[in-house]
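As structure tokens, here come the structures.
One chain, subunit A, appears in both complexes that follow, with subunit B as partner in the first and subunit C in the second.
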Partner chain A sequence: MIGIRIHGRGGQGAVTASRLLADASFRDGKFSQAIPMYGTERRGAPLVAYVRIDDVRVRERELVHEPDVVIVLDPLLSKEQSVASGLKKGGLLILNSKLPPEKVEIAGDIKIATVDATKIALETLKRPITNTAILGAFSKSVGYPTMESIEKSIRKQFPGRVGEMNIAAIHRSYEEVTPVVQATHTEPVVEESDIAVGGYGVLKDVSSWRVFTPIIDLDKCTGCRSCWLFCPETAIQWKDDRPEIEYHKCKGCGICVEECPVKCIAFERVVV
Partner chain B sequence: MSERINRLQIPMEELTITPGSACQGCGAALAARLVFKAIGPNAIRHRIPCCPDSTTAHPSANSVFESGGAMLTGTWRGLKAIGRTDVQVVGFFGDGGTYDIGFQSLSAAAERNENIWVITKDNEAYMNTGNQRSGATPIFARTSTTPVGSVIKGKQMRKKKIAKIFAAHGIPYIATTSVGYPEDLIAKINYGKTVEGFKMLIIQSPCPVGWRYDGSKTIAMARLGVQTGIWPLFEIIDGEKFKLNYKPRELKPVTEYLKPQARFRHLTDENISLIQEDTAKEWETLLKSDELGRVLL
Partner chain C sequence: MVGNKATATAVKLARVQVASAFPVTPQTTITEYLSDMVANGELDAEFVNVEGELSSHVVVQAASRVGARTFVCTSGPGQLYMHHPMHQTSDNRLPVVMATVHRGNKGMMPDHTDLMSQLWTGWMQFYVEHNQEALDTCLMSYKIAEDERVRLPIAFGYDGYVLSYTAEPVEIPDQKDVDDWLPPYKAMPSILPDEVLPENLGGRWDRSDPQKRWQEHHEAIVNAKDVIVEVNESYGKKFGRSYGNGLTEEYRTEGAEAVLVAMGSLTGTARAAIDRLRDDGLNVGLVKLRCFLPFPKEDFQEIGKKVGAIGMIDRNVCLGHGGAAYTQIRNAIYDLEERPSVLEFIAGMGGKEVRVDDIYKIGKKTLKAAKSGGVSTSTEWV
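Presenting the complex of A and B:
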């Protein structure tokens, strides 16, 4: 039996990914189980989902505490949480990242494969929903489920044009995923911690929620205060009659970019 | 009646503690930020279950959906007993806590005319628990409990006209506003602060997750709601005097508001013309009310 844990953010489709993976494995004649972890899955907040795949009927009903494979749908999540926590020795970590696996700063006796799923998703789906884009990488690195089964599952989940776009995404990630290599880092960068799911209240830093980052061109700014007024998170402050972005508060929703009447706010994909 | 203000009169002080745990592009988080800017620090804010829009530094207690009005009443009576009548008692509720589950205790508080604020951020469904339909959900909208099937497509009932329902209690002040018009929102709170008695403000706050549009379009969507006449901005004083705050020469067609939202993607031309007719009829009534200066149903 293999256990899989999927890390993502609300809106990236971690729960859908777990369902697709379980469905595709079942089509391959295996027994499978998808477990969403219900919390307050708000868009942008970290969350997890689990999958079990086995050759015999799966009797377990609890969460997968020691997964064999961890899939990370968000490129920045691994800087915030110990995504490899609980991963078995020799287990596999599939990371959505621009970096080659040798440069990933996650320590342990684990193997790592990376794929730039955000880029693939932006190019094929036109939006940063990375759940299907990473399934091709999973199929290549683990060996199953077969691409045919994943295609069938996707067609069932997303009929029509959206399904075809997602299928294009899994094929690209199948091609573009790096070979699996042994993790080279020995010192953990992120402290071992409990995996937090959602939660209310005040957060410290939400910069990793962003896919795109607003950047103000102050030379063009006319001082109309629209960006300041409409920012839901008070990330834009008004200082000396000019806007100033406090990036640790910015979730990257893009309201300021949309509302700026002179379009002096650029919206760029910057790794934070 | 509320007095118009301009953007420079909006208070600079931020009372929300950020970053909160709301979604990206949350309309309700913006509503909370603007509301508490205008309410100021001298307030007690009570909560009932709703989206985690924002945290403020005000003293606060959490209770259940059903007891919103009762909790506010108790707080106000307590303040009155100790002579602190300067403190604003504010309930910042979602639409479920106003239109549906919380209605009975709010209605009772309105009947007793308690000196409290009830502020509703109306995102038109139970968004916190995953987009279940509420009395605030507009007709034909797709939610998780009114899905689009082969026979029944979306919610089949109309949205409650909650402002007029509460106006019929004869409360001193009730107004509708939208996060797309912050000047209007703040002007209405400024006026409400001068009124003694039950005050209510209903704010349309678009939800990118439930309404299914891109988070950057939250303000655009709120504006379109007002400009198409789907969400008119008005105020009613003493359950009688009426003023329409936003009167364009011509309303935009409702399709401009409906099309960008995927919750309305399945709408047929027939459905759209029904919504258009409803909106036009309501708008006519509102214009007539505005002319007479007294609310018509």
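Presenting the complex of A and C:
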């Protein structure tokens, strides 16, 4: 039996990824189980999902505490969570990151493969939903499920055009994932927050939730207060008749960008 | 397939005619699946949207009374809000089937207190282990509830989140086979309105003996055991899957010196723990308590004769009283000349994770009690 833990954020499709993996494995003749962890998540909040794949029916219901593979859907999560926690010796970490695995600052007797799933998702799906974009990388690095089965599972989950876009994403990640290498970093992981933490009230700082950051061009701003009015997190303060973003409160939802009547708020991708 | 989808699929296969439910986490997606099935023509039924559980229950109660096959589902606080009409449904002997997707009464996460709070409503109760069993139990429930020897409503419960949202392989029976095995519901004449309600809602009962309806109701539940066993067997013959004798299921109990008893999704984790105990040469078996109401007293008397100790793992607690199943098991074995010890463990309350290791330790403790004798009366919170 292998156990998998998937780290993602609300909206990135970690739960869907877990189901697709379980479904595709079942198509390959395995038994599987996909366990989501639901709480008070919302878009952007860190969350986890688990998968078990076995040759016999999976009976136990506990969470996967010592995974063989960890998938990280969001590049910033590995900065604030100990994503390698509990990972078995010699286990595999598949990280959504621009960096080559040698440069990933996660230590331990583990192997690492990276793929820039955010870029793939933006180019194929036009939005940073990285769940399918990382499955191709999983299939390549782990050796299963087969791409044919993942395709079938995706077509069932997303019929029509959306499915085809997602299939393009898995093929890109299958091609673009780096080879699996032994972790070279030597500093131990700093436990910054609990793996299954959720909720803005606890975290106080949600800056790392952002895939895009709003930046206001104050020269163009007319002071209409639309952004201030619509911001769901009260992250925009009003100072000297001009808006000011308190970035630790901003999840990067983009509502201010959408609402600004003079389009003076840019939305720039956070590069990690 | 997730547990809620398995249940909705069973409702479709059973060709339910009227369903009503108010969405409450973690039951919500059943209502969504059913609404979709009705909207796209897969299921020829009325799905009645309501403003609360009280109404949803009254809708299915009325529909069942006029001869429709009905389904209702809920969770946690919704179950409590539905309590009042549940009494009347069972009193009128209406074969309504209900899915309870367990959610505890102290928060969102699952334990069995929602359905256990309905023990006195006169409904039969099943607790299921996995998604396949949710589908199978739903179909079996209609067969049992509508049997003219029974004619009582059934609630089957499965743990919210742990099963409701966990995806795992589920085999879906052919519609043809289900139609063959479960013919359309024919309302008995006596539960049609004219018969039931001649005297202002209470009609058919002999008012000179107000206690008689309680006695009849109680006996009907106790006597339903035979039908449950029968239906479980015929389901097994038709579809190739059955669950022990329908009431309890034994797992690796051969030569066991002690057994653990578990209900619902904890049973799966307990199986893994039993495998580990057996691998380590410890003779501990497992009994799944599937049908809680009627309580399979005789089964536990048989088990009690064979083992030195029984460790009950309750995912419920009647506050100030103890685990509901533990109390019943002790009651059942009291009639034996030589009684085994019965230990009480409370686990998984408020959705607390129960690990294979936890149950392994429970197994060791129970085995120790079997060897040393003596009865522990203290409750252990795992």
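In this section, the second predicted complex is superposed on the first by the 260 of 272 C-alpha atoms of A that agree within 3 Å, B and C clash if a C-alpha of one lies under 4 Å from a C-alpha of the other, contacts with A are read in each partner's own complex, and residues count from 1 in each chain.
By definition in this document, contacts are C-beta pairs under 8 Å (C-beta built on N, C-alpha and C of every residue); 3 or more make two chains touch, one makes a residue touch a chain.
All of these numbers come straight from a predicted model, not from anything done at the bench.
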Clash or fit, subunit B versus subunit C on superposed subunit A: clash
Report for A:Gln33: first if it touches subunit B alone, second if subunit C alone, otherwise both or neither. second
Per-residue touch tally on subunit A - higher for subunit B or for subunit C: B
Tell me the contact category for A:Thr222 with respect to subunit B and subunit C: first, second, both or neither. neither
Thinking of the overlay built on chain A, is A:Gln182 touched by subunit B (first), by subunit C (second), by both, or by neither? neither
Looking at A:Lys249 after the superposition, I want to know if it touches subunit B, subunit C, both of them or none. Which is it: first, second, both, neither? first
Touch test for A:Gly10: subunit B only (first), subunit C only (second), both, or neither? first
When the two complexes are fitted on chain A, the stretch of subunit B hitting subunit C, from 20-28, 110-118, 146-154 or 200-208: 146-154
Residues of subunit A contacting subunit B in one complex and subunit C in the other: none
Sort out for me which residues of subunit B touch subunit A in the complex. 7, 10, 12, 14, 16-27, 29-30, 33, 52, 54-55, 128, 182, 208-209, 214-220
The answer for subunit C against subunit A in the complex is residues 26, 161-162, 165-169, 265-266, 268-269, 271-272, 353-356
Subunit A residues touching subunit C in their complex are 15, 18-19, 22-23, 26, 31-36, 38, 57-63, 65
Within their complex, state which residues of subunit A touch subunit B. 10-11, 40, 42-45, 198-206, 209, 224-225, 229-235, 238, 248-249, 251-255, 257-259
